[in-house]
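Right, one structure below, let's go through it.
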Amino acid sequence: MSDRSKFPPVIDGKAQFDLDSGKYIKVWQGPQHPGVTGNMALELIISGDEVIDLTTHVGYLHRGFEKLMERRRYIQCFPIVCRICVPEPDTNEYLLAAAAEELAGIEIPEKAKWLRTLTLELSRLASFLMWIGGQSGAFGMGTVAQWAIAQRDFILDLFEELSGGRVYHMYIVPGGVRDDLPSGWDKHLEDVLVKTEKMLKEIEIVMFNNVIFKMRAQNLGIITPDMVDKFGIVGPNARAAGLARDLRKDEPYLIYDKLDFQVITRDFSDAYNRTYLRWQEMWQSIGLIRQIMAGMPAGNDYHYNLPNVLNWKIPHGETYVKAESTRGEYGFYMVSDGSGYPRRVYVRGPSYTHAMALLPHLAVNVNIADMAGLMVSLHTYPPEIER
Amino acid sequence: MQEILNKLIDRYAIEPIQENRHNQAFVTIEKNRLPDVLTWLRDYEDYTHLAFITAVDYPEIEKIQLTYMLHNYILHTDLGLRVLLDRTRPEMVSIHHLWKQVATYQRELREMFGIDFPGSPGLQENFALEGWKDIPPMRRDFDTKEYSEKTYFPRPGRQTHDPKEYMKEKLYPSAKEDK
Amino acid sequence: MDNKEINNTKLANEGLSEQDRPLFCDARPQSYKPLGKYVEKFLNWARANSLWILGYGTGCGAIELRPLMTARFDMFRWGLAPRPTPRQAGVFVIGGYMSVKTLKRVIRSYEQMQGPKFVIGLGSCTINGGMYWDSYNTINRLDHYLPVDIYITGCMPRPEALIAGFNKLKEMIKAGETDGQNEYARNFDWYKANQKKIVKDWNMPDYNW
Amino acid sequence: MEHGLFISIIYAFISLSVATIWGLLLGGIALKVVARAHGRFGPPVWQPIIDIIKNNARRTSISHGIMYFLGPVFRIAGGMGTFLFIPFIFGSSVFGNFSFAGDLFLVMYFIFFGQLGMALGAGESGHPYSAIGVARGLSQMTAFELPFALSVISLVIQYGTLNITSIVAAQQGGLLSWTLFTNPLATIAALISLQGMNMHNPFSIVIAPQEIPIGPPTEYHSNFLGLLQTNRGLFNIAKLALFMNLYFGGATNIAVMILKTFLLYMLTIFIGASFPRFRTEQSIRFFLGVPTVIGILAVIVIAYL
Amino acid sequence: MKLKDYLSPFYVWKRAFDKPFTTRKPLEDRPGAPRYRGFHQNDMEKCIGCGSCEVICQNAAIDLVPVDGIETTRKDSGLRPKIDYGRCCWCALCVDICTTGSLKMSNEYIWIDSDPEVFRFVPGASEKPWKNTEAGYSQHENYTLLNLDRIDMPMLTPEDSRKSFIETVKGYSKEEAMKEAQRCVECGLCVATCPAHMDIPDYIRAIRDDNLDEALRLLYDTNPMPATCGRICTHLCEDVCSIGVKGEPLAIRWLKRYIVDQIDDTRFKAILRDEFKPNGKKVAIIGAGPGGLSAAYYLVTAGYSVTIYEASDLAGGMIRYGVPEYRMPYDQLDQDINYIKELGVEIILNNRIGKDTLFSDLYNNYDALFFSTGLNDPYKMAIDGESLPGVFSGLQILDDVTKGIKPDIGKSVAVIGGGNVAMDAARTALRLGAESTLIYRRREEDMPADTEEIHEAHAEKVKFITQAIPLRIEKTANGKLKFIWNNAEMVAKEGAARPSPIAIEGDIQSLEVDAVISAIGQGADYSFLPPEYESKIKFKRGKVIINENCQTTVPKIFAGGDIANPTADAISAIADGHNAAKGIDKFLNKK
């Protein structure tokens, strides 16, 4: 726990300090700071090397998605939601589709569910690889970053083959998915999975058994179980603290109830354990992908024929759908007023609480050199905060 | 799910209730009772997780709806609490003392919808926008396209044709001047 | 936007407070003439083969810079390298859409870069607003705020498209066709007026030296 | 020094140029080698040279004041100073440089000198990152200087001289007469310092792009940066040459010099690519721990055993 | 810390001896995947310029522009999508929605320029490197964003329908109509083809919004006989419907009928709010068919005092007398006519011009004159035996049935012809209790009748004999008629649009029937025109020549309907009436 006894008093959630006293320096990290995943600025007040106060500033990527969706037809929303989270766009696509389908009362074909789950798991793997690159980079281990991000690129190749898009797949549409698996794709997938497994093993050797990585990451940014609900912490950050909360298990969506997996937890949520937990979840994802490929139903019924999408109206109602993204509970809250346009779509990104509430709390007493590592270890992604 | 709804009805005489699926329901609550209900749900009914707070604008009934989404990790149920605010001067009781992330949500809602939460820390600070002078952008009456075209002016030189009008021009121009 | 008479008045720095004003420079950017033909040619060759990119991923386009920088595409092979500080960087890759808040930082970063400096507009958003054309918080036309040398269309452009873009930029540099810095100096007032029109709280110096 | 002053200057110039170019190429080679560990090909080996030309070809530059301007000058003066008093190639008149009786002391001083000048200059740039970087750099430098100084003291006691040329001369006559074998403890202590001196991982926090970008050179650009980069090539070689001379028997011809400096450099690269960075206080703690103990042991062993 | 923690990091160097991840030459080695969504391609021949891509593009990246070499035709707006790559997000919704499947995406993805103005092009027209690339994203079979299948229309079964004159088509329910209306992409291609240029997409949208009052107003804007047209229109619009390119076209006609069906005719006046100020001018109309009624409606709403002279004893013209009741129930027709009458149009029945009233009187007493007398003179087959008793014309049969006279056709009939009248006659004969055989010169696909009519005739078990050239009709001994024809083969002639039937020598067939009904077309009857006018009005191949305002060569006389237009169907007559009303208004207000 951060010890604030030697720090200035906090009144109304703001630390009281006098910058002119010369005791403190104000330093900005970001928005162009390369240690930050995405554009987000950290306003740090430091005393010597130690951070005594942090304020997160967002809005550098604010595009007003929720406003834009209000003036787009339901089908037209789907190309824009994937831009909310660039490393893992599929969760957004799925949730938009799921929310619209639930309100419209559409049951999608079984095959579409399997294909959706496949892309969700694949993008989870890609997102984690991107993130582990950032995590190692934040501590100066560029080598692992190079490997992991290159490996992620091979997964993007798979997505390109499957959906026709590298980064923005736009594969999951309301009503199902856009296309079947291309022929020969399963072989490519297996190749990439084998390579990924090899690399994950290597990462374990060079990263988790690395004396300096341990020195840097252990005991950094400790999340205790009692903090979890107070701060709204979800996903791996909470699981590392020992809480087995995983929407895939708790409220199974798509076909997760047909897959065999266990929720991974660890008993101490510091940067090292969070990293290790995510590394374990990558293995889990690989296992799930194999299970999905093995159980993939035959046939090519992968899309429910919607009414002409230009005139597609969804009845009155509101709903909140959620899915387990790499960062935790990701949700779409959709209100429909019976017209062809959503009345309101609210995107609940897990990074919101992690970056805006948790990070300022954890940052206190942390060496400024560890800020990047701490931030990345929470796996925050700014666009889902400001959207 | 039904159990908690019954309790809510007994305790707070809350209606109407909209049940979406077996593990999700929305209830509408009177504005001033919300902190009580939230505290009770959080402390006694295991609705410990606040997923989000957001607003929906209904200019046609002159109301802004606030939605507080709670989650129970034991039963895995979602409970959405709705509060209707007056649209002209929306003001809501701040609940930043209940969850740590609430202050940011309220800051965002002030900026995007113009809802006031007296007493919430840092409420007046910018959230995503900087130097915003117009009406809060998430209000329904703010036209983002018009604003964008006025402020950021699209590249000129584009012209489109309506097939219907164009065919009229080409195939039966005589009827053009009528109507 | 042709060569106008260079206005040599001092900058007002109106966005700054009274006591901050003397701390910042009030000189305008100047345009520069190339050196002798062969010298310039050699220097241009060196400039083209050592492009340092400012590591400021301003939009979602930055996601494709990562693969480019890492092992799969390994941009170092072509003399490209990321630089964390604008002072040392020579190429500014605008990664797509730009919110007003980012634009303010981008202007400042751009002005901190030392000439000759190049701007690559990555993705459709920089050309005509892209998919955020009707957003209240993103600009539509980058060339109104910064001189842009190259546009790469796409959403997002793949790393290959970026590589091709850099190749084209190199050719242009070698041929001496890139003139962004001078264009900015020549039309400084026009750019400033455009920038200030949308950046509402201009609390920084007019030109950042 | 049996040549005239003029000839000496020309020789020094040649020596400097060769060293700088080799230093830069070595940097390029290192980039390529590291790239292989990353699973990629890496830039061409001459990339650092192009970078320097490019930086000097920038059209504009900004000075934040006299000290800011002098910073890189001090730095390169430090680099040149270090280099010019180290015999680059043992016995060569061109590459012999200005080795004299007390040159080891002078060199030790010059290693510090450049960094201090740089610190002053970077401090004046007014950027908080520079200030933080300077603080990190100076404290880390003080830390790694200690084992190195102990190691040198051990050598001085061992060879009874402060002249590098004499130390090299003492090591001639076979592999086993190298300090590496005659005084392994001092060598180990010094090699660990070398990792810090070269600012490779795990001691690279001073110029780390992640832990705040990027430290003292944040505000340096254009020809200032060109100067700093030139110095990096030169200073690198100076350090490597010093280590080669003190611990690895020096070099009697260019080929040996190239081989030994290359291998020495690759050693630091080898460690660098494998580890993340230490935080400043971690690296200080590290240097003041095992390496210092080894250094003290080296002194004790040489002096009393 | 264990020793392992110090040593294992050096494992990174193992990678230095593996194959690098790097793609050597990314530009050459990595083309887009076969499904890659790159720059657009468009098949200019296939594209019909419907603009669905423009509507679905959430980035407003697509403009429809005219392209050199692409002509506007009824099935093709002549516009082509132009894509702004300063906007495109490569979501490929435009490809998915494309009604023809012409729009595709290549797998090319590199386009770099220093000029921001160049990133716009018309795929298919501009010469781009990816114009002919094979790979790329295109539509798939199992995934469509459109509804290509028509909502089935509830109908009487053929077994039931052939028994009575009850209307065959039952009409859409609200739910069905909404669903059908939802299929529309609002391209508006149909508007140009509709002779009356009805606002089809707009009234379909009104159905979707369940705003039928608005829909009715839209109908009356261009068509004062919607109940009629909702049933018997030839629906040329459906032929050009963009949904029809890949699927079944929208049931535009039935949707129109749905609107009128849902609204009680007593509410018409309140909904339409037809208010007008009489301007004191008078117009006479000859013929109370669709053309005349339509002209009357628009004239009366413009303030004219209108009188219609009709030779028969009921208004409606060919719609009443030429269309059987199972297709066009008379009460629906009356509904249309009554509304027009309600507005103050005077219809003088049983008044044949030239006999009961003189044409010159009309010419002198009225400010303008409009005649639309229709084609009611059946063509002769010009074969032997045509004048035998038991040989009828199709029109005659239909006319008789309307008037309640049961024609004497016996138990079996042969109907000669392949048009709508032939179908009507054949199916009417069924309902009168006779077995019908249809005999046509050409193939079934050459028949001018509506495909639905042909389909329903088949369903009701009308026998079809095609490629039969009539030779003669003979009276047989048992009092029956023997229809004799020569079988023919279709021979394509050079320069001819379609192959023509050539008799196969010796292949002569015959059929014994009780009656022969000839329905091979009709001509106009101009007997009402006195010679002095007939000489002034110009004709061409039996049809009156009119200008775009339906004005004949005599300025005061306007004409329209089947006697003037080439299509000779109800909707064209209605359009002519509308045009004539506008022309008369213009003509009279100019003075």
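When the chains are written out, they are named A, B, C, D and E in that same order, and each has its own residue count from 1.
As a convention for this text, a contact is a pair of C-beta atoms (placed from the backbone, for glycine too) under 8 Å apart; a residue touches a chain by one contact, two chains touch by 3 or more.
Predicted model only: the values in this text are computed from it and were never measured.
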Intersection of contact partners for subunit C and subunit D: A, E
Shortest contact path, subunit B to subunit D, counted in steps: 2
More contacts between chains, A-E or D-E: A-E
Taking each chain's C-alpha mean as its centre, the one farthest from subunit E: D
Innermost chain, where centres are averages of C-alpha coordinates: A
Distance between the centres, which are taken as Cα means, of subunit C and subunit B, whole angstrom: 38
Whole-Å separation of chain centres (CA-atom averages), subunit B against subunit E: 48
Separation of subunit A from subunit D, taking each centre as the mean of its C-alpha atoms, in whole Å: 43
Centre-of-Cα separation between subunit B and subunit A, whole angstrom: 23
Sequence positions of subunit A contacting 2 or more other chains: 33-34, 59, 62, 64, 67-68, 71, 79-80, 143, 146-147, 150, 153, 168, 206, 210-212
Residues of subunit D touching at least two other chains: 37-41, 209, 213, 273-275
Subunit B residues counted as touching two or more neighbouring chains: 128-130, 137, 142, 144-145, 155
Which chain pairs touch, all of them: A-B, A-C, A-D, A-E, B-C, B-E, C-D, C-E, D-E
Partner subunit B, residues of subunit C touching it in the complex: 100-101, 104, 127-129, 133-141, 197-201
Contacting residues of subunit D [partner subunit A, same complex]: 37-40, 128-129, 131-132, 135-136, 201-202, 204-205, 208-213, 273-282
Subunit B-facing residues of subunit E, complex: 49-51, 54, 62-66, 72, 74, 77-79, 84, 86, 116-117, 120, 187-189, 191-192, 197, 201, 221, 548-549, 579, 582
Subunit B - residues contacting subunit A, complex: 18, 20-21, 23-24, 26, 48-52, 54, 56-57, 67, 69, 73, 76, 78, 80, 96, 99-101, 103-105, 121-122, 126-130, 137-138, 140, 142, 144-145
In the complex with subunit B, residue positions of subunit A that touch it: 12-14, 58-59, 62, 64, 66-68, 70-71, 102, 229-232, 234, 243, 245, 250-251, 317-320, 322, 329, 331, 333, 335, 343-344, 346, 348, 352-353, 356-358, 361, 386
